[in-house]
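Following this line, the structures themselves.
Shared between the two complexes below is chain A, which has chain B as its partner in the first and chain C in the second.
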Partner chain A sequence: MSHTVDLHTPEDKDIHIERKFVPKPLDIDREVSWAKINKDVLRSLERPRPMFWVIFVAALALFSFGVYCEIYQYQNGMGAADLNNPQVWGLYIATFIFWIGMGHSGTLLSALLHIIHADWRKPIYRYSEAMTTFSLLTAALFVLIHLGRIWEFYYVVAYPNERWVWPNFSSPLVWDATAIGTYLTSSLLFLYTGMVPDLAICRDNARGVRKKLYTFLSMGWQGTDRQWANFRVTYMTLACLLMPLAVSVHSIVSTDFAVSQNPGWHITSFPPYFVLGALYSGCAVIITLFIVLRYVFRFEEYMTMPILNKLIKMTFAIAMVWNYLNLIEYATVWYGDNEVAKAQFIYKITGTYAPVFWGMVLCSTVLPFALLIKFVRTHMPTLLVVSLLLNLGMWLERVQIITPTFAHSQYPWTWTANWFPSWVQWGIVAGSFGWFTMLFMLYCKIFPAISMYEVKEMVHDQSKMLKARGQ
Partner chain B sequence: MMKKSHTLALFNDFEEAGQAIRDLKAVSLPGFRMEDVVIKSPIEHPELSEMLGDRPVYVQWFTLGGVLVGPLTGLILVASAQANFLLQIRGGRPVVPVPPDMVLTYEFFILSGVLMTVLGCFIGWKLPGRRSPLYNAKVSEDKIGLLIKADPLVIPKINEILARHKPIEIMGEDRR
Partner chain C sequence: MSLSNLIKNWSTLRVKRPYEDQYKDKDYKWAMVIDLDTCTGCNACTTACYAENNLPVVGKEFFGKGQAMHWIRIERYWGENEEMEGKFPDRGAQFLPMLCQQCEAAPCEVVCPVGATHHTPDGLNSQVYNRCVGSRYCSANCPYKVRYFNWWQYPERAWPNPLEQQLNPDVTVRSKGVMEKCTFCVQRLTEAKNRARTEGRRVADGEVTTACAQACPTSAITFGNLADDKSEVARIWARQKVDLAKDKQDKEEDLRGYRIFEDLRTYPSIVYMERVRNFEA
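Let's look at the complex of A and B:
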């Protein structure tokens, strides 16, 4: 489509400027039939590429090693993890924040993009929400693991004191457990509610045990007009409730640090900094999983390059905001009058743990600029490596918040420059990655990772729009 | 009162189903009401649903109930637990500190809102329930179904109207 604009110059010389409207690439092929969408997604539940089993077995091995380490720690005490005073949190809480952060963006982005009617979310939101659920489950494990005395976990739960437990309701740790519990429950319900129409499709096409499972979970869904109308209102309402909840959860996680007296943590900008960090790492994981699922389950037709491109742009924008808040955090310390915090900051960038800090800067601040290069955006193996490095950067960010602060706090007796996590800690952290990957891959094998009915809606709306434009 | 009977017509697209609904609305048959017409489709189609008339959704009232009850429950739970502590060694600070308690109150506000919304949704869906009276798996794939409940005597006439719009199949209760 094009049109010509005539401009008249003072010399009465006509200039013809032809404006060409180049049609944007569609997010998804509008010719794809609804029956094919069902067929392709249902096929993914039965015959994934062999890479699926490679990933699953590797994840299972990592998880088994993690379980071994946890049993070892349980039998030998927290000394086996080299956790001591002042290094009481170690990698456990750093990884806990990492998983919470990762869980942040799946549901939050899905809800946000649903509210603003961003159609391109439709093929990718289901697995992002599943990612949230499994990340939260993984994060919750670290609350138990780092306690040492696992049987006393109920002190972190907002539990009435009828049994004389007397939890401290003014403690961020209690807020944290409540917020995570709320977020997990809500995310799970959001995921499940959105999946019911697809479970009915699975029910109608499955046999044997699977049919029984899907029949039970779809609860008799028939796709009636009344059911769809209720569904639309429910889904939008849940999205609206989940948005502020997701922000509150990571803000509360940040108060674990921000309301303490440790130098460098007592900063007003910590909550937004944590929320953005969570979104950033979550987006990076969504890109990683996009590439993996696209290949493993042959979703090339649905997880398309235009959608990936939008995802990358959003990740880049979030990375830039995160960088800004990171800078604000350091500037607040640098220009503030807290000499201990300043000394701690200098230690962080020049001391024993400086490689962690600079590793974070390299992976999370510098590397996102690689996303501006077209080759990086379009070459899947390169993009996979970049997305994994972004994740590594965000994990290092959490480590550099905790370890150097404990190692160089208010009192000289806390200065423990040579502290390094034991193999038990590394094993449990690695095991958590195995646990998450295993659960996620199992989920994608049992439940549709792409929302079939929403992709159908997308194709339907796209065709209607193009027909209206006469294309 | 005569026992009602059902018929299900499957159409290739929303337009054909829409025309069939328009025709059904235009006729006046004893023992048939538009309220007894149900659309079954693989995706939501609000324009088509609107043709059937106003079918209110009550989910938002459940949500409202949830967001009102939730924070009250949360605050009462936390404050009563704090007020109930055997020893109140507070160093001059209030027994029930309001600002920190707002955090848990807020979480209860959201949690209760979410739970009640989902409950309202399931009540609105009338689920869990049995798939009946007529169901065709093609409805979850790519076909649009019109399920009509009416007096058995009127069903042939309804089928006649439906047949004008080229349905791919019309199912009666005898062909379940």
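Let's look at the complex of A and C:
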């Protein structure tokens, strides 16, 4: 009769209780008082470690050089970048995809993890969302930079004009411009909305010009019940709106390639592949910035090791999915019937630009396995280097999508073997990194990089949970 | 294009593949035949094109960088005969003049964000310099790579004073940052069409031709109106059994006519005639 098994044997119960009392590392110390959170985060607006200024000045220098290169290119023409007939896009579009991609993880952390109530995101989502916004701004710059006639960029935007001339709506570049514009607007709005309660705290503690700024930006936030209720609804709505946008933007960017006829681009799996690649590079950057901010602003108590560990786990999982999609792409080309695409693939892994491909394999496919080692996860300098290398790998990935396809597309006459970007191109790419870092550092200095009210919520929820368990 | 027009006629604005004989209802469909057997690779067509269409001579340095502006280029191909390895083959290289194929379903037209390149009713793939913002997507998507971008401010370099006096006044001089390509000498076509219209007739065969066809010493290039059944071009197309609206021709053994990359479904307007080679010798 008894084919059902009683799972709750006395022994099992004992084990269960035993497990319950194994102390787990908490995401954040339960003893942190709310006043201390305010004090610590507000301190980051005042006096960071000297390293802040080192990073800021270095970024400013890079940015200035980038501006110089752009002026040079503007005055002389795109030829200054050594682009030529098959290599029409060069590093500009590759770096453009890189920056667009970086934006995605910020939204993943702030919107998706908010919707599914993953609380560990709370201390780190604010700067990730800021990263999203600034990397989108940087990407938008590249859309402009790569144009031959940058002064006519507004032709791409659908705006009413007296002659009723519209952009070509069947062009993926128009989809791009629209998608990026939408995403940039909504993530800026999302970042700002989430900041309002914190801006009010800043307002209450600031003096002088800053006080005026925060007063204006906090829009009369008083922290009343009614305001909180409205705030929650708005924030959740925006999060729900942002999630599909995040997926759509990089899918649309991928159609720039998937819609075209070129071998190596004309691949159906490109949209998910791009989205995953985007999340991957974004997570790697979040780890980098985590380490930098933790050190520069003395955030050790909030950006804790358990949180970092969760972040690394997520990165690793995303890296594996990305690898899988990568393999799918190669397998479809390899077993497919398209001789041109196959030749292009062979060229990609053995031709002139093979070092780029293998560099990507090394940095983005092999290196993530280092995250399995505990030492790498816990030793900050090592982890910083690893995360930077992951980023490098993802940048190389974008280059190996663009460059070999141009160098070895359908028409044999245009096969090139010796194309190399000029100093102007490198300068502008480097300048974009300077521009991003500069904006990001300025942001963290002017606005609270950690969400104070959500960390308070987190501490509160944790101690409530622990109390319920009788600890 | 007004907004209501855009919404109403959206489907007609899309680039479509040509359907059978659709071009025969029209007055004009410009097309070309290039006979590779008679082509000697002398580059006269390229030179004529430079003179006719105000193409800048970019100089050795920029040419080496791949920034040249030759709308029509002579490509050399060497036979893949193992016995000839390391030696020049007896009959030399095979030449192929490559210019814009004026595709009926052009990959460049769909992707231009501002609609600077589009299809004209007489079957040309036109380029509007004023509208071009220089995103170079058209060039990226062109399988023949026959679109040329103004990488530098070429006019001042190519035609220093008083050389600008020799420019063709019928053709725009392009500034830096715009894309350009073979137009089938659209300025000549427009003039001929206008003249014919005032006289109330259709442009006769041989009345107008492109600069390259005009300059070719061996008459390897034939240009004409495919919509006119009696034109030379239409007759060669018919003789070679090349159908504009097909992406795969029912080719017979002894026919030499073919179009490049037909399987990409670009429906090019140029038929190439294979070179005849005697492999026994």
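The working rule: the second predicted complex is superposed on the first by the 443 of 471 C-alpha atoms of A that agree within 3 Å, B and C clash if a C-alpha of one lies under 4 Å from a C-alpha of the other, contacts with A are read in each partner's own complex, and residues count from 1 in each chain.
Methods note: a contact is a pair of C-beta atoms (placed from the backbone, for glycine too) under 8 Å apart; a residue touches a chain by one contact, two chains touch by 3 or more.
Just so it is clear, the model here is predicted, and its values are computed rather than measured.
**Student:** Should A:220 be classified as contacting the first partner (chain B), the second (chain C), both, or neither?
**Tutor:** The first partner, chain B, only.
**Student:** In the superposed arrangement, which partner chain does A:441 touch: chain B (first), chain C (second), both, or neither?
**Tutor:** Neither partner.
**Student:** Between chain B (first) and chain C (second), which, if any, makes contact with A:410: first, second, both or neither?
**Tutor:** In the superposed model, A:410 contacts chain C only, not chain B.
**Student:** Counting only touches as set out at the top, which of chain B and chain C does A:292 meet: first, second, both, neither?
**Tutor:** It touches nothing on chain B or chain C.
**Student:** Contacts for A:166 in the overlay, against chain B (first) and chain C (second): which applies, first, second, both or neither?
**Tutor:** Both partners.
**Student:** May I ask you to decide whether A:430 touches chain B, chain C, both, or neither, giving the answer as first, second, both or neither?
**Tutor:** The answer is neither, since A:430 touches no partner chain.
**Student:** Looking at the overlay, does A:34 come into contact with chain B only (first), chain C only (second), both, or neither?
**Tutor:** Touch partner of A:34: chain B, not chain C.
**Student:** Determine where on chain A the residues touched by chain B overlap those touched by chain C, and list them.
**Tutor:** On chain A, the residues that contact chain B in one structure and chain C in the other are 160, 164, 166, 170, 174.
**Student:** For a test of understanding, state which residues of chain C touch chain A in their complex under the given definition.
**Tutor:** The contact residues of chain C facing chain A are 1-3, 6, 14-15, 62, 65-68, 73, 75, 98, 107, 110-115, 131-137, 139-141, 143-145, 148-153, 176-179, 261, 264.
**Student:** Please name which positions on chain A make contact with chain B in the complex.
**Tutor:** 33-35, 38, 158, 160-161, 164, 166, 169-170, 174-175, 178-179, 182, 185-186, 189-190, 193, 197, 200-201, 204-205, 219-234, 237-238, 241-242, 244-245, 248, 252, 453, 456-457, 460
**Student:** In their complex, what parts of chain B are in touch with chain A?
**Tutor:** Spelled out, the residues of chain B in touch with chain A are 38-46, 48-49, 52, 55, 57, 59-60, 63, 77-78, 80-82, 84-86, 97, 100-101, 103-104, 106-108, 110-111, 113-115, 117-118, 120-122, 124-131, 135, 137, 139-142, 147.
**Student:** Touching residues of chain A toward chain C in the complex: what are they?
**Tutor:** Those residues of chain A that touch chain C are 76-79, 82-89, 146-150, 152-153, 155-156, 160, 164-168, 170-174, 177, 256, 259-262, 406, 409-411, 413-414, 416, 419.
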